Amino acid sequence: MAPMTRYRRARERTYEVLEKAAEGDRLSQAVDITIIAVILANGAAVVLESFDGLYDRYAGWFFALELVSVALFTAELALRLWTCDLRRPGGSWPGAVVRFLVSPIGIIDLLAILPFYLPLLIPVDLRVVRVLRLVRFLRLLKLTRYTRSVATMAAVVRERRHELMVAVFLTSILLVVASTLMYYLESKVQPEAFPNIVASLWWAVATLTTIGYGDVFPVTGMGRLLSGIIAVLGIGLVALPTAIISSGFVEALARKPEAAEAEPPAAVAARFCPHCGKPLDAVGGTGNAIKESV
Amino acid sequence: MAPMTRYRRARERTYEVLEKAAEGDRLSQAVDITIIAVILANGAAVVLESFDGLYDRYAGWFFALELVSVALFTAELALRLWTCDLRRPGGSWPGAVVRFLVSPIGIIDLLAILPFYLPLLIPVDLRVVRVLRLVRFLRLLKLTRYTRSVATMAAVVRERRHELMVAVFLTSILLVVASTLMYYLESKVQPEAFPNIVASLWWAVATLTTIGYGDVFPVTGMGRLLSGIIAVLGIGLVALPTAIISSGFVEALARKPEAAEAEPPAAVAARFCPHCGKPLDAVGGTGNAIKESV
Amino acid sequence: MAPMTRYRRARERTYEVLEKAAEGDRLSQAVDITIIAVILANGAAVVLESFDGLYDRYAGWFFALELVSVALFTAELALRLWTCDLRRPGGSWPGAVVRFLVSPIGIIDLLAILPFYLPLLIPVDLRVVRVLRLVRFLRLLKLTRYTRSVATMAAVVRERRHELMVAVFLTSILLVVASTLMYYLESKVQPEAFPNIVASLWWAVATLTTIGYGDVFPVTGMGRLLSGIIAVLGIGLVALPTAIISSGFVEALARKPEAAEAEPPAAVAARFCPHCGKPLDAVGGTGNAIKESV
Amino acid sequence: MAPMTRYRRARERTYEVLEKAAEGDRLSQAVDITIIAVILANGAAVVLESFDGLYDRYAGWFFALELVSVALFTAELALRLWTCDLRRPGGSWPGAVVRFLVSPIGIIDLLAILPFYLPLLIPVDLRVVRVLRLVRFLRLLKLTRYTRSVATMAAVVRERRHELMVAVFLTSILLVVASTLMYYLESKVQPEAFPNIVASLWWAVATLTTIGYGDVFPVTGMGRLLSGIIAVLGIGLVALPTAIISSGFVEALARKPEAAEAEPPAAVAARFCPHCGKPLDAVGGTGNAIKESV
């Protein structure tokens, strides 16, 4: 039984170390810092490689970093898979592995190493390799594991996804309609700027997002009128997602326990039952409350 | 009486099928998907037609799509009119038809097919036909029928319409005043950029919406000062509608019944005491309530 | 005493007519529409005058409109002064006049006609007259009298004025610091674009407000780095006033009686008196509560 | 003992005078105004010095202002250090000094004078002096001491710092990824605009912040597609911090005691029971409830 327990202890310790370090857990902190450092080094490498000459001169170093990173990330992923059933106790190990691999964080971990192994498994031509190199950037996303707030924000966005999708949908329609109208208004005067509707989409995006590069803009009176209307609608367009996400944050805030002292006094009120005086927080929700009290 | 009931059943079924499909209602889902597909195909067609040559080469196909779409949308509209009194039971059929035809969704359905029939009824010259072709874009708006959230957002906007109209009103005044001042400040130096106040409105819009194409901008010191002030006011201008819609969403959120589970835990808990099961709203008191009730 | 009452009635009726028309008060509506029409005509006139030739050809008409407008606005102002003590009953007439003349709406009414009378009273040279003509634009502001929501929004802005002033203050500091740094970074390379700090303020405003006309932008690495930082801070700059005004609207909303059903249940908590257990909703407000409980 | 008390009185009075002036405290107000005036004069000086010739002609005056400012700020800092233990009574003087010097406001006070003394203490070459002159701008930050709301806003930002950092983090990743992709898409076509990834960061910032100077923009179809996507994401990017800070303000608002009168009527109504007239707030969680009900 002793080896068994030692085995279990090893797994639990491994899990601890891989998770965001707890206060004072030196080893876990060291591991976190190492991984973060390597991730940042990868980001820097991709950027530096883009400078002429730099790549050719230091190709060896870049390749070395690549090998180290892939080795580290592969080991990390392996250990995570080994211990992933410790996240939610009481589940089978295979099920936990699947749940992990289909979760966003799991997909990111996979994509961080696959581009390296793929060419070794199946023959791919150079252009594909080129694109695969870019995927290394997704390694930066591994950083999200080390910040909590990402979860909150993701939750807010997920909760409001319907409204956000509608906003995106309305935007797309507005973009297509705007560029169609602009095409019919300006293509005669500036055929090079508005050769077809797809091209004038470029103008529509630059206008609706209020970027206004200035490479394409209407010159006719009607075109400018339309452009003005689109621009003003663009403000509303910025207002919508902001408003949607704002209200989401306000709600999420009200739900958080820390927000307790931020609640209106009356709301904080019912902490204890005024009839029997027992604490209510202990129970929390009404659902089980009823069952329990029955 | 049998035929009567069969007739009634037919109408009810038709209504079901036309409405957004319920879970598992295969026929209704098929109809929805067909209509959505045709709508999207129409959007694509308008875009593709704008490419030189593409239209001439595939004129036949474009016309075929047009015929199919109009046939489908006409049938759809006819059936909707036939069954529209089932939406709100207990109303006369003619009344329901009128209500439907003046409703936004009804107007869109009409505009989606009218442009095709109009030239057949009354003689119109080619330029008008040109414009009418654009109206086909409104067919995209038929998609709004298939998303729920549009309603929520429309409601928020409608609720805040007064504030939004004021924002628009203030914006217009600001635009006119700004372009008037700019006209007097810059027309001497750049007569081609600011020939008259209407023309300098183009600058005012590009500045106030923070687009800044860069085709027109002040060059004199005073002009730049004014431009800077307008730009800063422009930020406030973006802030207003955002704030208005935001607050609208926050309120709509709080009012929604679904928002119930979004309440702060403590608030939900305070429905019944889980220990003695007595209602808590009655007291809404805190711990000291206990001492008292004892 | 009859004439006395007739006099009082006349004043009250005049006040009614001048105020925003009540339902079905034909005369009052007619007056409102006339004034609004003349105001809009004035706006149009100023715009049209800016077109070359247009002014010379229709100088007579423009002058006629000017005379009519001034006559109408003078009469309006006179009657308002005559009846302004009816707004807040129980005050002396002179006091009411002063209060009206120093109120924003009163100042606007004065500025709408003063530019016409000033040259008649004191000799002014043409340039001043030129500027005075612009002041006619303020007549558009007379329209604000006919919309309610302006009050709400003004209230929100007034309530948050401290925060807004701080935002403006921080913006100004940021602008000055940014343009100073940019001046030292770029003035060597682009002396014409950044001749001195005041000139580079133009760049700072265009960047911080995310307008980016594109007439002035950094070309050195350091300059672009600074520009990027300023741009990102610019986003925060847009966020601040939006957030400030948003929260103001949310609060104003919560204060409104209609918002009553928008309260979180827990907040409504005190539905029953914890002392005698009688329902409180029945009474609602405190005021009548006293009456009742007496 | 008399001198002792006189000494203590002197310190207390000095502290009062240096703090933001209380109503009617003439001396304190005079001191505040003097300091603010000198601070603003410094800002003006830095700006004016940037004009060619202006500096050479009035070098004397600028130097005089510098001397006066440094003397004043040095005296101010000295007195603040002398009295800083009066801020939080019951602490040792050295501890208070340290707390003050490491506080933001203390650091600003130090940086406001150090640049002047540094060259006198250690030999520095002219370029460093150049930079040091810029630091004088931080003197403007001394103004923050005289506005209250800065504290509130700083608090909101501090409270939401995690979310804001995440927003910044996501932005940086988005910037790097976008400019990497754009580099691979456009560097072939526009080698001068996208020579390497660091350079195309300039485009990414200008696009994501919707500035769009127009000096760098994609010309290929793929590049424009990417640019459009980045631009739309840019809107979300503006939405995030706005939403975060908004919700922070809404919460801060709800926590503020002044927000009390901002409660929805129904909640305010329940101050006293209309039947038995007993206070309800007492139960809604204040200590006196106990006293009373006992």
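Quick notes on this structure:
By written order: A, B, C and D. Residues from 1 in each chain.
Throughout what follows, a residue touches a chain if its C-beta (ideal position, glycine included) is under 8 Å from a C-beta of that chain, and two chains touch if they have at least 3 such contacts.
Not measured: the values here are computed from a predicted model.
The chains in contact with subunit A as well as with subunit B are C, D.
If you lay the C-alpha trace of subunit A over that of subunit D, the rotation comes to 90 degrees, to the nearest 5. Chain centres here are Cα averages; for subunit C and subunit D they lie 29 Å apart. Averaged C-alpha coordinates put the centre of subunit B at 40 Å from the centre of subunit D. Residues of subunit B in contact with two or more other chains: 210-214, 238, 242, 244, 246, 250, 263-264, 266-267, 270, 283-286, 289, 292. Taken together, the touching pairs cover every possible pairing of the chains. Across the interface of their complex, subunit B is touched by residues 162-163, 165-167, 169-170, 173, 176-177, 180-181, 183-184, 187, 195-198, 207, 210-214, 217, 224, 227-228, 231-232, 234-236, 238-240, 242-244, 246-247, 250-251, 254-255, 257, 259-260, 263, 266-278, 280-281, 283-286, 288-290, 292-294 of subunit A. Looking at the complex, you find that subunit B touches subunit A at residues 43, 46-47, 50-52, 130, 134, 137, 140-141, 143, 147-150, 152-153, 168, 171, 201-202, 205-206, 209-215, 237-238, 241-242, 244-246, 248-250, 252-253, 259, 262-278, 280, 283-287, 289-290, 292-294.
Across the complex, subunit D meets subunit B through its residues 210-214, 242, 246, 250, 283-285, 287, 289-290, 293-294. Chain contact summary for the complex, subunit C toward subunit A: residues 210-214, 242, 246, 250, 264, 266-270, 274.
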